[in-house]
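Pasting the structures here.
Next, two complexes with chain A in common: one pairs it with chain B, the other with chain C.
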Partner chain A sequence: MNDLLELLVSATASGCVYGLVALGYLLITRPTGIVNFAVGEWAMLAAFGAYVALSRMEMPYPVGMALVLVLMLAIGWLTERLTVRPLVEKGAPPLAPVLSLLGMLVVFRESVSIGFGADPQPVPPALGFGRFEFGPLAGAYQSFFIIAITGLVFTGVWYFFERTLTGKSFEAVAIDRRAAALMGVRLGRVTAASFAVGAAVAGLAGMLVSPNVSAHYMMGMPLAVQGFTALVIGGVGRVEGALLGGLVLALVEQFTVRYAPIPAGLAMGVPLVLLIVFLLVRPTGLLKAREARA
Partner chain B sequence: MYTFSKAIRTVLGCALLAAVPAMAQNTIKIGMITDKVGPAKAYAEPVSAGVTFAVKELNAKGGLLGRQIELLVEDDQGRPDISATAARKLVDAGAVFILSNSLTPATQQVQTVTVETKTPQLAPSNSGDTLTTQISNPNFWQTGPLGSTQIATLLSYAANKKYRKVAVVSDNTELSQLTTKAFKAGLEKAGIQVVSEEVISRGATTAEPQMQKVRAANPEAIFLTGFLTPENALILRAYRQLGIKSALLGNFNFSTPQTTVVAKGLLDGLVFVDAFDPSKPEVKRFVESFKKETGNEPYNLNGYGYDGMMLVAGAIQRAGSTDKEKVRAAMQATKGQVGVMGAPGAGYGFAEGKRTGFDPNGMVVRVYEGDKQGQVVHTGTK
Partner chain C sequence: MKSLVRYIVAALVLSGVAFVLGSYQTDVYRKLLLWITLALSYNFLFGICGQVAFSHFAFYGIGAYSVVIFITQLALPLPLAVLATVALCVALALVVAIPATRLAGFYLALATLAFAQLFIVVLNEGGTVTGGTGGLTNYRLPDIFGVAVTGPWYTVAIVLLLLGTFAMLWRLERSWFGRACRAVRDNPDAAVAMGVDARLTKVLAYTITSALAGLAGMVYAFVDNTVNPAIFSQESVFQLLFMVIVGGAGRPAGAIIGATVLYLLPLVLSPIIGHHHALVFGLFMVLVVIFQPRGLIGLWDRFISGRQHRQAQVQLRKAHP
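Moving on, here comes the complex of A and B:
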């Protein structure tokens, strides 16, 4: 029983990281239809930002974290202005920005690899590397920190979309881009903001996971794959779906490794097999997107 | 006046153009395939830095056979398809010897070119046991410490512990899986049962489920065969978090300095194999001259590259020519060449019919004292 509850904490923390990366995808995909596989590299960039701010410059954690998030907002905004908007304005086909962003993925990764070298670098955790025990629930301080921060972020994003007028304008663009434009919503501003916030959310995932996995130039791609899988499981249409998808993926991953009576090498493939089966049964994901009301 | 100076410049230009190929023909070309952007970059670059340093040192002493050495470098991104193309490019450019500092599958792929073109090839740091056995290539040698040597050295060190039940934890890289295979074969030969075998995949965010399984199996020792430093840090973190008390014994990757950086506070008591003995005179001399030349403190991966280039230089020197067949024969005849790597008294050499050159008794065992790599506590397999 202790093992199970310990694993529940660990899997929930991993699921939160996947969920944040999935949210990074979703914030961009919903209003623009663009799938941005560079979200993993954004997470990597923020992990290196955390390494510089917290390990090298030894800034206080909240200050370092805030600075990196501001930097990620700027990187997301710049990515949209420089690599997406010119293509959209020139009437490029919908797949062109996806390819352009794949190119940016390589640019981000190689810039870090040249600038920081290939060795992994340490990032300190917010509350130290200790272990917290609360009754039968036990786990690393960082696991509980990840869960708490992710909870706050998802609550905030949900509130933004559901309860604020600006948030509803984003949702309107997601439902019908043309109609939203006719109603006075500025599409360019919505797109730029979605990239900026998407980069900050993906960056937060990178910062939160980096004390465990360290900051290294190859960390982006696995996170991008895990986040995308979580997005597909949860459904691309709803904020809470990203978190749900992340949690389901992490729970299946970790419980399969721990309890399934199959060789260790095969256990890693089980979540992907499950994903295929899941998509066959429920192609829209766990949560369906809202549609335009008649 | 203008016409005169133009004429002089033209003559000088032509002379220079004529001199460049003559100079290029005079050098001995050594090809090096490394990974500058792919997954092996963290390991390939320091090995390549060791090769580059050796070439500088040799050239400063007059080069080989009275000619300077020219290092031709190709980046294979750790990809086997690119590696083979890079090898062919090096052969076409006139490389006498090729050094492979990349992933095992990429190095294997280069062999398809070197076996066909009869070009000597050396992998100075690869440790997979099957590199010289899968392709019958008399032009290929390997001088990294084999997985089978690593486990034999660790078991020799731990002989008095009389382990009966152990766990093996690896990652999903090709090299880690090859090392696991070698470790399991060594453990089986010693009559030790593997009660838990776990794999951490590249990019995992935790190793807790795997280490929980290890804890449940209650092994006396855990052998670590992973090569990915971040994933190794995850294993060590889960080990401490879950309060596991089994002894930890790691492969030679735990000797890289970056391990101490990312796994700070998690290393105390970890036993690991190494091929770098800081007390050896050759190591002291290497550390001093490398630092003087590059400004950086060298470590074991630099040493593998340095030794590899010195083995190549030795073979060309003994061959007295750059004829590939003569160089091949001279390389195969290498016996007891002392390098930076290996325990005191150990030397590189190739037994009859064998192309693995690291001394089976050349590894040492060290133990982490806090986050510091301790002195050598055991040598060889006896």
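Moving on, here comes the complex of A and C:
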């Protein structure tokens, strides 16, 4: 029983990380229709940012975290400016930005591999190493930290979309770009902001997961695939869907590894099978997007 | 008739090269020919039919692995092993394509990406059948009619594969099927309204190109006489995509140029920048997508049409001084 609960805590924590990556996709896909496979690479960049700020320069955690987030906002904004905006302005086909971002994925990864080498680099956890026990629930400090931060981020994003006018303008762009533009929503600004915040959210995921997996230049691709799987499971249309999908994915993943009588290597295939099944059976995901009201 | 002569000349020239190369150059040359073959079929799938599928390299791997498994473990004679491999590739492609082509746009990319990764997982966990992470080694091509096809003669076989793939896709592109593919790529709704069965077109294009990739994989299996999961990893399919885009998507000549440039580039660059040629690839890709969406072949077209334009002007001036 204790074993189960402990697993539940660690699975919830990784589910939160997947959920954040999924949110990184969603924030960009919703208003622009662009699927940005480079979100995993953004998470990797933030993990290295955290390594430099926290391990090398030994900044206090909140300062380092804030710095990394600011850096990620800037990187997301720059990525949009340099590789997406020119294409959108030229009226290129919708596939073009996806391809240029795929190119950026390689650029990010190789730059880091040149700058930091191929060895994994340590990143300290937020509250130190240690175990926290809360009645029958027990787990690493970092797991609880991840859960708490993710809760805050999702609440914030949900509040933004549901309760503020700016958030509604984002939703309006997602539902009908043209109509939103005619109503005075500035598309360029919405796109730039969604890339900046998407990068920050994905970066947060990378920073939170890095104490467990170490910052490594190849860490991006697995995160990108898991994040997308989470998004497909939860549904691309809703913010809550990203978190729900992440949690379902992580629970299935960790419980098969722990309890199913199949070799650990094959268990790695389980999320992929889940992704395929969801794509085929329920491509809208568990939660449906909101349609435009007539 | 004229085109047949052209193909024979091309076959002779490309094969002739094989007989003057040293062993290292032969290796580079064979792999270049295989990359071009793969790029040609991927160009049909991505460039002409507009399907963003990440499973092409997985089918290359399926072809390579299955032919080896059929020959060494099931002791099938070579012709039967080849037929069985093609049948397997077609069957798997149909299994992927029939449900996956229902999915629009990026969902197809994801389903095929998941399929490709699943393939790697199966390879790693396949025990003695796939040889796990080490893959399969210690096998060689059985004699064909009592003749051991080795050295430059095997390169000739690769040349024939390349030309066969090229000829088949060239014919296909100019048939009703090629037009249906383009129509489905550019505007599926309009294509359906014109009487094109969009789903059937997509499934057929996916199956044909995947089977061609499997065929190339079979030939590849006896180039290095070893197959392992690392060869068929995700990186390679990105490289294939980059080749087609940098060369110019939708044009066979573009696929050939893209594959040649991107395959040879690391060999040229590695003395200068070591193993960081992937960074150059990424930058190249971004720049091409933004500034030259029609690829290197687009640059060539512009050069040609510019020259024709100038010549026409010169003639015009001569006629009306």
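As a working rule, the second predicted complex is superposed on the first by the 293 of 294 C-alpha atoms of A that agree within 3 Å, B and C clash if a C-alpha of one lies under 4 Å from a C-alpha of the other, contacts with A are read in each partner's own complex, and residues count from 1 in each chain.
FYI, a residue touches a chain if its C-beta (ideal position, glycine included) is under 8 Å from a C-beta of that chain, and two chains touch if they have at least 3 such contacts.
What you see is a predicted model; the values in this text were computed from it and never measured.
In the overlay built on the shared chain, the residue A:L275 is in contact with chain C alone; chain B does not reach it. Look at A:P86: by the touch rule set out above, it reaches chain C but stays clear of chain B.
Using the contact criterion defined above for the overlaid structures, shared-chain residue A:A260 touches neither chain B nor chain C, since it reaches no partner. Residue contacts after overlaying the shared chain place A:E110 against chain B and chain C alike. Residue contacts after overlaying the shared chain place A:V35 against chain C, while chain B stays out of touching range.
In the superposed model, A:M221 makes contact with both chain B and chain C.
Using the contact criterion defined above for the overlaid structures, shared-chain residue A:V98 touches chain C, although it does not reach chain B.
Annotation: chain A residues 110, 113, 221, 225, 263, 265, 268 touch chain B in one complex and chain C in the other.
Here chain A touches chain C in the complex through residues 35, 83, 86-87, 92, 94-96, 98-100, 102-107, 109-111, 113-114, 221, 225, 228-229, 232, 263, 265-266, 268-269, 272-273, 275-276, 279-280, 283, going by the rule given at the top. Within the complex, the chain B residues that touch chain A are 37, 39, 41-42, 45, 172, 197-199, 201-206, 208-210, 212-213, 216, 229-231, 233-234, 237, 240-242, 258, 261-262, 264-265. Every residue of chain A that touches chain B in the complex is listed here, in rising order: 3, 6-7, 10-11, 13-14, 17, 110, 113, 117-122, 129, 131, 139-140, 209, 212-214, 216, 218-219, 221-223, 225-226, 250, 253-255, 257-258, 263-265, 267-268. Chain C makes touch with chain A in their complex at residues 52, 99-100, 102-103, 105-107, 109-111, 113-115, 117-118, 121-122, 124-125, 234, 238, 241-242, 245, 276, 278-279, 281-286, 289-290, 293.
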